[in-house]
Every structure is written in C-alpha cells, then in structure tokens.
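Across the two complexes that follow, chain A remains constant while its partner is chain B and subsequently chain C.
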Partner chain A sequence: MNFKHKYMFLLPGLLVLLGILIFPIGFTVRLSLSSWDSFFPGLDFIGLENYVRLFTDDARFWESFQRLSFLSITTVFLQYILGFSLALMVWKDIVFQRFFRVLFLIPMMTTPVIMTVIWKTVFHESLGPVNDFFSLFGMTPLWLSSEGLSKVTVIIVEVWQWTPFMFLLLLAGLLSLPKEPFLAASIDGAGPIRKFVYVTFPLMAPISIGAIIIRLIEASKIMDTVYVLTSGGPGTSSETSSFYIFIKGLREFQFGYSAALSLTYLIIMIISLTVIAKMLVKLMIRS
Partner chain B sequence: MRTFYVTLKYIAVTLWSMFVIAPFLWALSTSFKDFNSVTSGATYIPWVDFEPTLEGWRVLLRSPAQGGVNIVEPYLNSIFVTCFASLISIALGTLAAYALSRFTFKAGFIRNDDITFFFISQRIMPPVVLAIPFFIMLGKLGLLDTLFGLVMVYVVLLMPIAVWIMVDFFNKVPIEIDETALIDGCNPYQAFYKVVLPNSIPGMVVAGLFCMIFGWTDFFFAFILTFTEVQLLPVAIVSLNSSITPWWSLSAAALVSVAPLIVVAFIVERYLSKGNLSGALK
Partner chain C sequence: MAQIKLQNIAHSYNANAKDKKYALKPFDMTWVDGGRYAILGPSGCGKSTMLNIMSGIVTPSEGRLLFDGVDVTEKTTSERNIAQVFQFPVIYGTMTVHDNLAFPLVCRGYDKSFIKAKVSEVAEALSLESFLTQSARKLTADQKQLISLGRGLVRDNVAAVLMDEPLTVIDPDLKFRLRRKLKEINQKYKSTLIYVTHDQNEAMTFAENIIVMDDGEIVQIGSPAELFDRPKTTFVGYFIGAPAMNFFGCEAINSNVINFNGTEIATTTDLSGVKNKDLKLGIRSEYIQFSDSIGENTILASIQSVDDWGNHKLVTADFDGNIIKIKVKRETEVPTDKVFLTLPAQHCCIYNNEILL
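Up next is the complex of A and B:
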C-alpha cells in the first residue's frame, strides 16, 4: 500500500495522545527538580534535592510501597484463584449458566468508589450488618479502625470488585480452548483433577499470565478503596503509594516533592512489572 | 464421586452469588430507612424490622435549596463525558490500531510493537502521577472544572483500552479483505471505510463497552479536576459521605448510579457466550 496513507491512520490518535500527555510528563520531570509548594509557588531549580530526600529521609514512602506490594499481590492472587475457580464452574454443565455468568460479571461494572461507600456502611463497626452478625458471638471486630483488620477489609472489597475481571478474561480464554486435547484426555481415562492439571491449566497458562499482569497493573493503582474506607488510617497503617503521593501533592501541596515521588514510583512500577511478567512466564510455562 | 463434585460446585456458586449480591441487598434495604432505623443498629427486612419510607429516593429529585441532593445534573454530566470520551477514543483508537496492524512503521529503533506499547503503557501510569500536572495544565488553559477538560483527560484514560482491543481484533481480520477491496479499485481510505470497518463492528462494540466501563467508573480525575460548576456522578455521591452520612439517600443514589452498567454486563455476557470476546481479550 501507499507509503503516505499509513500515517493518516496512525497519526490522529498518536498526536492527540502525545499532545495531551507531553506537557504533563515534561512538566512532572521539571517539577521534580523544583521546590514548588504552597508557600513558594514557582519553578525554581534545586537540582536533585527532592530525590535525595526521598531516598534518605522518607521512610513513610517506602513503607507505603511495601504495603502496596503486599496488598496488590495478595488481592491479585486471591482474585486469580477465585476467578479461575468460578470460570471453571460456569464453563460448562451447569444450570442457569447465563444467569450465573451475568451475575458474576456485575461487580466490575459498578463504580468502585460508590460501592466502597456502601461497603463502608456494611462494615460499620456499630451499625453495620457484619458486626451485627459477629455480635451474636459477643465480638465487635474493628473492620475500619484497627491496623490489621483495615487491610483485610480493603482486600475483601478489592476481591469483590475485581474478581469478575479476572473471571471474564479467564472464561473468555476457556471458551476459546480447542476441544481435541480434552477428548484425548477422556479417551485416556483421565478424571477431572488430572484433566485440569495436565490439560486445562497448561493450555490456560498464557491467558493466565496476561490476566495476572493486567490485574497487577490495575491493582497497583489501589486508591479509591483506601480513600473511602480508611483514608489511609488508622495512622498510616493502610496507606498505599498512590494515596501517599496524593496526600503530599494535593493535600499538603508539596508539588515539587510529590512530582519526584511520582516519577520514582512510576519507574519502580515499570521495572517490577516487567520482572514479574518474566518470572510468571517462566513459572507457568514450565509447570 | 461425581455427585460429590456437582454438589460442591453448586454450593460454591451459591455462596459466591450471595457474596456478590449482599451489598446490593443491603443498599436496597437501607435506601428505604429513615434516621431512626439506621442509627438503632442493623435492620434488614422492611415492615418487620423497620418502617420503610421513600424519603431516601425523594431527596434525589429535590433541588439542594429544598434540602435535596440533585443527582440529575451529575448523572447527565457523567453520561456526556463517558460517551463523548469513549467515541473519540474509539474513533482515534480504531484508526491507529488499523495502522499498527496493517502497516510497518520504522523510525530509528522504534517499531510497531513499541508504538503499541506506548499506547497501552498509559494504563500503567498511576492517575496520581498525572493528576497534578493535569490540574496545573487545565488551570492554565481555563479548562479546570469544565466538561471539555474532563473529556480531554478521559481520552487519555480510554484510548489505550481501545487501541489494545482493536489491534488484537484487526490482527485476526484477514488481510485479504483489504487486498480484494484495493484490487477492486478502492483507495486505502475507501477500503477501510467500506470494507474493513463494517467487518470490525464486533471489536468496536467490545472496545466501546470497556471504554464505557472504565470511563463511567472513574472517580479520581473527576474528583481532582472539578469543584462546583461541573460534578460527575461518583463525586456527587461520595460527597454525600460527609460527617453525618444520610445512609438512605446515599444507598438510593448508589443503586441509581450502578443500574445503567448492569445492562452492559448482559451485553458482555452475550458476546462472551458467542465466542466473540475471546479474540478481543488476549
């Protein structure tokens, strides 16, 4: 085809995206080298001072990052197990198949922040139904205001919200699998468990990897849930990186410092996601 | 043994269904309560546990001057921003995806895959990284707190999804279709418009659904980039969650906001069962 036409197709999208993004990204880099805050707004130049502060004198950032890693890996792991199980269950041989499929998809269609507000009333420590149930046993767990349990609450809500996405990707994968390997396994007399271990799981490995990576990317942005449920509290015990950057940037208006945080965070994310992707490929293809 | 598996399966499916439905049922029940039924502890069944009232739902339609919370305007704003941004994203995303799937690009070390990755990598970007520069940029352009500014930001959020799904889709549409059209005397634009596009409608529907899901459910950018003039639905509802929370109107508003996308779940399921989704999601 003609050489010039291909640019007519590509450029509108590319230029719009670049046009909208080039300023924000360039500006963030420049901002990270300045001390812009609410007292002295303006682009001065302080070199790498923000980065030095970040790496030597900001334990809170690194703690929030550890917490984020813990939360996102745990939730994605749970979502994968649950999503895969659910997809297998409604894959075939089930009554009301379409009803269950639609039902299992619904949570991902709902606005996370709005459903989190509802969850907050569900987990309300004195007026919510969850503690109404636990009070039968004389217990009142502090779902939102104790350090350990607030993380559990965040995980429960994240699992409710996003397992459907995992379910969707994996069910789409299951439905596209070829029939022959299953027939062959049946002829060889393999039971359901052996069929899963030797046929379904290996065939699903590439799709699983894709789904896990997509979910890890999205989970690393956990923010709405934390903001509504606990606001990072009690103290800083459920604060994730995004939320910490949000506080520094848009609550304390330390624009310069939060830009340095953002860029560092972005680079760590890109590197770690690439590494995780490589590791998963190795693990799942081999087994 | 076989019956054991089947029983286990139905128990598991039922339990998960209950977990999925629970918050909706709770919200539905709460939306008919008044102040007293909420603050006297958890109650569930109307008429038995508490006396139901329609106050929570009525408040949604009243203007703020009459002590209501107007969610009609945020609702319309949300629909406008989501649809408009999705349309732009799909139009531009489909064109770009077509180019990336059919032609080879080479500029220095940059290849097709790198350009595709550039598009998709925008999803890795945590919203908070972009929020501050967007805040300053829209402020300078005078677009802070306007629908147009939000549409612009949402295009950045949604176009990667459109490109991701469409590149994959076009890779599965046989290139012979284009070639036949070209031999028949179409120029590349006519070939795309008259032949390729009609064949890509399933892919574009799936891309559109995903754009709508992620556009409709976004909270963060709407929260940061608007204040009073323009409010989107999630922000309007979360702002109800103040110190003295009116749980009843909050629940009613949440249910109303969640309703339209439940239709999307049905459409997605249809595509899934027909097998059209598997190609578009990998």
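Up next is the complex of A and C:
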C-alpha cells in the first residue's frame, strides 16, 4: 500500500517544530557569527570573532556564570531541604493537614514579579519592616546594596517563591510510595530516623533527582527576581548569566555578540546539567 | 516462638456505622507453635485482614489476640516480635545482603559478634552465604524474597513468620524450590509459618493445615487430604481441586442410600436424621471409575468430550442432564458413546444446605 499521504499528517507538527525550535536555533547560530548591533544592523559574517571575544576578553560573563552556579545550586539545595521537610510534615495524618498542604502552595500561586516587588519593599533598607526589626538590635543590614547580602536576598526570595514547587513534587512522590517497605521496617524495629535513611530517602531518590533537575533548569534561568530586586547590583555583584545576556542583547543591542553568549550558555548548561544528573544518580541511587 | 490465640476476633472497616460490614466475621482459633499453615481463599475473603491483625498492621474491631497467653491486641507491630514477608520482596536497596539480614538485630541493639554469627547461620540456611557482600538490589526476585524471610529468621523467638502471597512474583520453577526451602526452614527453626495464598496448589504443597476462608469467615480447617476428600461445604468442594468437585441434586431414600436421577446410590453417610429431601451428592472426578457392566452405584452416561491434560484425560459425560467430570489415567481407553460409571460409596459426600453431612 502507498502511505505517502502520511507526510501530509506530519506536516503541521513539523512546521511548528521548524518555526519555534529549529529556525530560531539556526538563526541564533548564524547571528552569533555576525557583528549585528544597533550601529551596523545586518547579517554580515565575522567568523568566530564573537566567540574569541567571549573566551578572551569578557570576564564579566564568566563571573556572572559563577554567580549563577552559586545562586542556583544554593537555592535548589535549600528548596529541596525545605520542600522535603514540609512534604514529610503533611504526608502523615496531622491536624489541619489539608489546610497546611494548601498554605504551603500559596507562594507558587503568586506572580513572581509582583511578589519580588513586595519583597523589595520588605527588604527596603530604610523603609522596610525587616530593617525595622533589625534596628531594634542596632543593626541596619544593607539587603539590596551590599555585595554579599544582595545575593542572600535573591536566595531568600527565590527559595520562598519556588520551595512550594519542590514541596508539591516531593509530596506527590511520598504519597505514591508503597506501604510495604515502611511496614517491613516497623516489623524490623526501625525507628523514625532509620526509616527515613533506609526507606523513605532511597525510595524517593528517583523523584528527588527529577525534582532537583527541573528546579536547576528553572533556577539557571533566574532573571525576573534579579531584575526587579537588585538590577544585578550593586555593580555587577548579583548579575547572573541570563541578566547579562539580556543587558548585552536588549540594552546594548549587540545582537550578534549576545547570540554567541546565548549559545555558549546553552551548551555549558546542557553539559553541566547532564553531569549533575549523572552525579546525582550515582550519589542518591547507586551508592 | 509462641502459641497464637485469636479470641472472638472480628474486623470491620466501618465498625462505627449502623450497617457495619465485616471483613472478618467473629471466630476463635489457635495456631499451634511450630505449625505450618496456609490461609486459602478467593480475593477479598478476609485472609490478608486476618494476617494483618496478627502482625499488628490492623487492630481488630472486636476480640483479643493472645501470644502465649499475653494480650497483644493493642501492641504495635514492632512490640509483637513477629516477622512478615510481603507479596513483593522488601529489601533495603542501599545495603548489602549481610546488612539487610542484620538490620532487625542492629535496630534491637544486639552486639556485633552475635549479629555476625546469626547472619551467617541464617544466610547458610537460605543459601545466601555467597551473596553476603553483594548489594541486595542486584539479586533476583526469589533471592530478594529469601532476604525478606531471612530478616524474620535472624530474630530469636519470633512468634510467627507471616507470609502474604510471597511467591506471586516468583517464576514457577523457583516457586517450587522456594516452597521446599520454606518447609526446610520450618523444620530447622520450628517456627510457626502462616502462608496466605489464593493458589490451592501452593497451599496444598506447603501446609500441614489449610484454613479455607470465604466471605470473611473460616469455612474449613484441615489437612490437604481432608479438604480434598471431605470438603465441609460445597464452596470448598468447588474451590479445592482441579476440576472442581462434581455436585448433583439428589434425595435420601433411607439411612445410607440416595436417589440420584432414578438410580440408587449407596453412601457411607448416615442419612437417618435428615428431613430435607433436597440434598446434593458431591464426588471428586478422580474417584469416579469406568465399569464394564451395570452394578452397585453404577450409572450409564454418554460421553460428551475428552480433553487431554497431559498426564491424564478429563472426560465429560452426561447423565440425564447432569454433567459429570471424570479424571482418568492417560493410557485409559475411553469409549466413544456410552459408559458405565461407578461412584464408590466411600467417596460420595452428601450435602444438606451446602454443608457436609
């Protein structure tokens, strides 16, 4: 039989794929080999000049990348610890279980940008309630304009916003676990700590890895929180890769160079997330 | 090890409701120390509920549970000193086989030399000694199930080892080996083994005593031979044996003779006190014999079909609308049309209201 008409049915999907994925990637590759900016717009060809500049003459990008690695790993680690603790808390039958389950999800339901504006007000160094509290002890920490504390503020806001997502994934995982291993551990005489170490945690390892990877991908794109809270400042002390690419592309209009930055960032992320996933599997499942 | 006594035990999952429904109807039972039991019944008959009551996973809504005379009804699972093997192997995947077997002793704070000696002893009994340093996760399903069992055996004075359909995930040839291993373990450690299954072959080949359950109650307790030869109810007759027992309507004529479709059949059952004429005759297909001519307890039936079951043949015959199944040896010549069938008196079971007389 002739099945040539099958291509007709595949065509809409292929066109969408081409339009939203393949063409943009191809165009970005081509753009990264050009010097397109606001002064000389156009797809000229300058070879690997942008990449040479990136690897030899752009310490700011690599600093922002280091900062991103620190921020994303720290926030995701804290989100995992807190999310797992909250999930364990409402997993068992406790009073107001449903109330707590909904309560813990509220931050995730809010709009990130608006919540960041509120957090900015909360951490405002002269008007915010946080420093009202600290002033009772004679302290006025510079939450938004100190090099170190601005990162801490970004971490606090990110953890507050995204811990519920981790909580939700881990609670779903806990609720899907079989009962028998826990019963067997009770019969063997294991207490709560041994049950967690030898039963709950190993059984949750595959779900934990999935949740951590999803959050790492999301956290590595961190942009809105930094944009609203500190605008990358003071100086560049809280600037992340995506924010730096945004500055180069949409503030300085260096499209060609920002395309080279984006592609480099994409490749580094693919490699590092693959390595992290493998490490997590080795650490949490195989060991 | 202990004698386990269930005193007027019953369980309902909606105990406070007006129309409460029993998952397990009230009953009394004593499990003899060191016995090998199987609880057999269809899905939903209450066998797992009974097991979970003994292990402490379920607290019965009525009655008391005594271990060597001590009331443990309200005690937790870990306080009962009981071992349980589940349908799917439960192992600690992050531990070695040795650490898995040692785990119940480590949790109870035994010293290292005792743990080492006990683990070696149990590993040897279960043929796991060559895997002790391996990760438990890498073993096969039957080996994992042996580890589950081993964790129960390392503890001294376990009241009973409870097994809830433990061979479900095991390959058929391994099932046979594992059942034999369980019997050896029972003989070596003299531990009470209670085995829940819905597979009659498993129950028959494993247990000294089988508890047949239906709809939340114990229907019969007996040895495999007793259940096969003298099923107490028609349910047991249907449930045990392949094919199920033959049952036909009949009526009593005198103290030990019944009328089966116009033919007088002698039985060894005393029917003198039976008022109900509407009885049932039950006979196993294995006990019906081919005859050359008409005689005592003989009927003339017409052959309907012959099925080859490998080591024997299953003959289906019709006797005035009554379908009779007869199991004969493979080499037996089966007539093509009519056949005389003898129903031996000692194997004819008579049922009044579905209960054996």
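Observations on the structure shown:
Note that in this section the second predicted complex is superposed on the first by the 269 of 287 C-alpha atoms of A that agree within 3 Å, B and C clash if a C-alpha of one lies under 4 Å from a C-alpha of the other, contacts with A are read in each partner's own complex, and residues count from 1 in each chain.
As a working rule, contacts are C-beta pairs under 8 Å (C-beta built on N, C-alpha and C of every residue); 3 or more make two chains touch, one makes a residue touch a chain.
Just so we're clear, the structure is a prediction, and the values are computed from it rather than from any experiment.
By the touch criterion defined above, A:Val122 lies against chain B but remains apart from chain C after alignment on the C-alpha atoms of chain A.
More residues of chain A lie in contact with B than with the other chain of the pair chain B and chain C.
By the touch criterion defined above, A:Ile271 lies against neither chain B nor chain C after alignment on the C-alpha atoms of chain A. Contacts of A:Ala190 after superposition: chain C is touched, whereas chain B is not reached.
When the two structures are aligned on the shared chain, A:Val199 is found in touch with chain C, with no touch to chain B. By the touch criterion defined above, A:Leu283 lies against neither chain B nor chain C after alignment on the C-alpha atoms of chain A. Contact with chain B, but none with chain C, is seen for A:Ala172 once the two complexes are overlaid on the shared chain. Legend: residue contacts after superposition of the two complexes on their common chain; A:Val52 is shown touching neither chain B nor chain C. Shared-chain residue A:Ile81: touches no atom of chain B or chain C.
Interface residues of chain A, counted against chain C in their complex, comprise 178, 180-181, 183-184, 186-191, 194, 198-199, 202, 287.
Those residues of chain B that touch chain A in the complex are listed here as 5, 9, 12-13, 16-17, 19-23, 26-27, 30, 38-39, 41-42, 44, 88, 92-93, 95-96, 98-100, 102-103, 105, 115, 119, 121-137, 152-153, 155-156, 159, 163, 182, 188-189, 192, 213, 216-217, 219-220, 224, 233-234, 237-238, 240-241, 245, 247, 250-251, 254, 257-258, 261-262, 264-266, 268-269, 272-273, 275, 277-279, 281-282.
Across the complex, chain C meets chain A through its residues 55, 57, 76-78, 82-84, 86-88, 90, 92-95, 103-104, 107-108, 148, 151-152. Considering their complex, residues 1-2, 5-10, 12-14, 16-17, 20-21, 23-25, 27-28, 31, 82, 85-86, 89-90, 94, 98, 100-115, 117-122, 126-129, 131-132, 160, 168-169, 171-173, 175-176, 192, 207, 210, 217-218, 220-221, 223-224, 228, 241-242, 245-246, 249-250, 255, 258-259, 262-263, 265-266, 269-270, 273 of chain A touch chain B.
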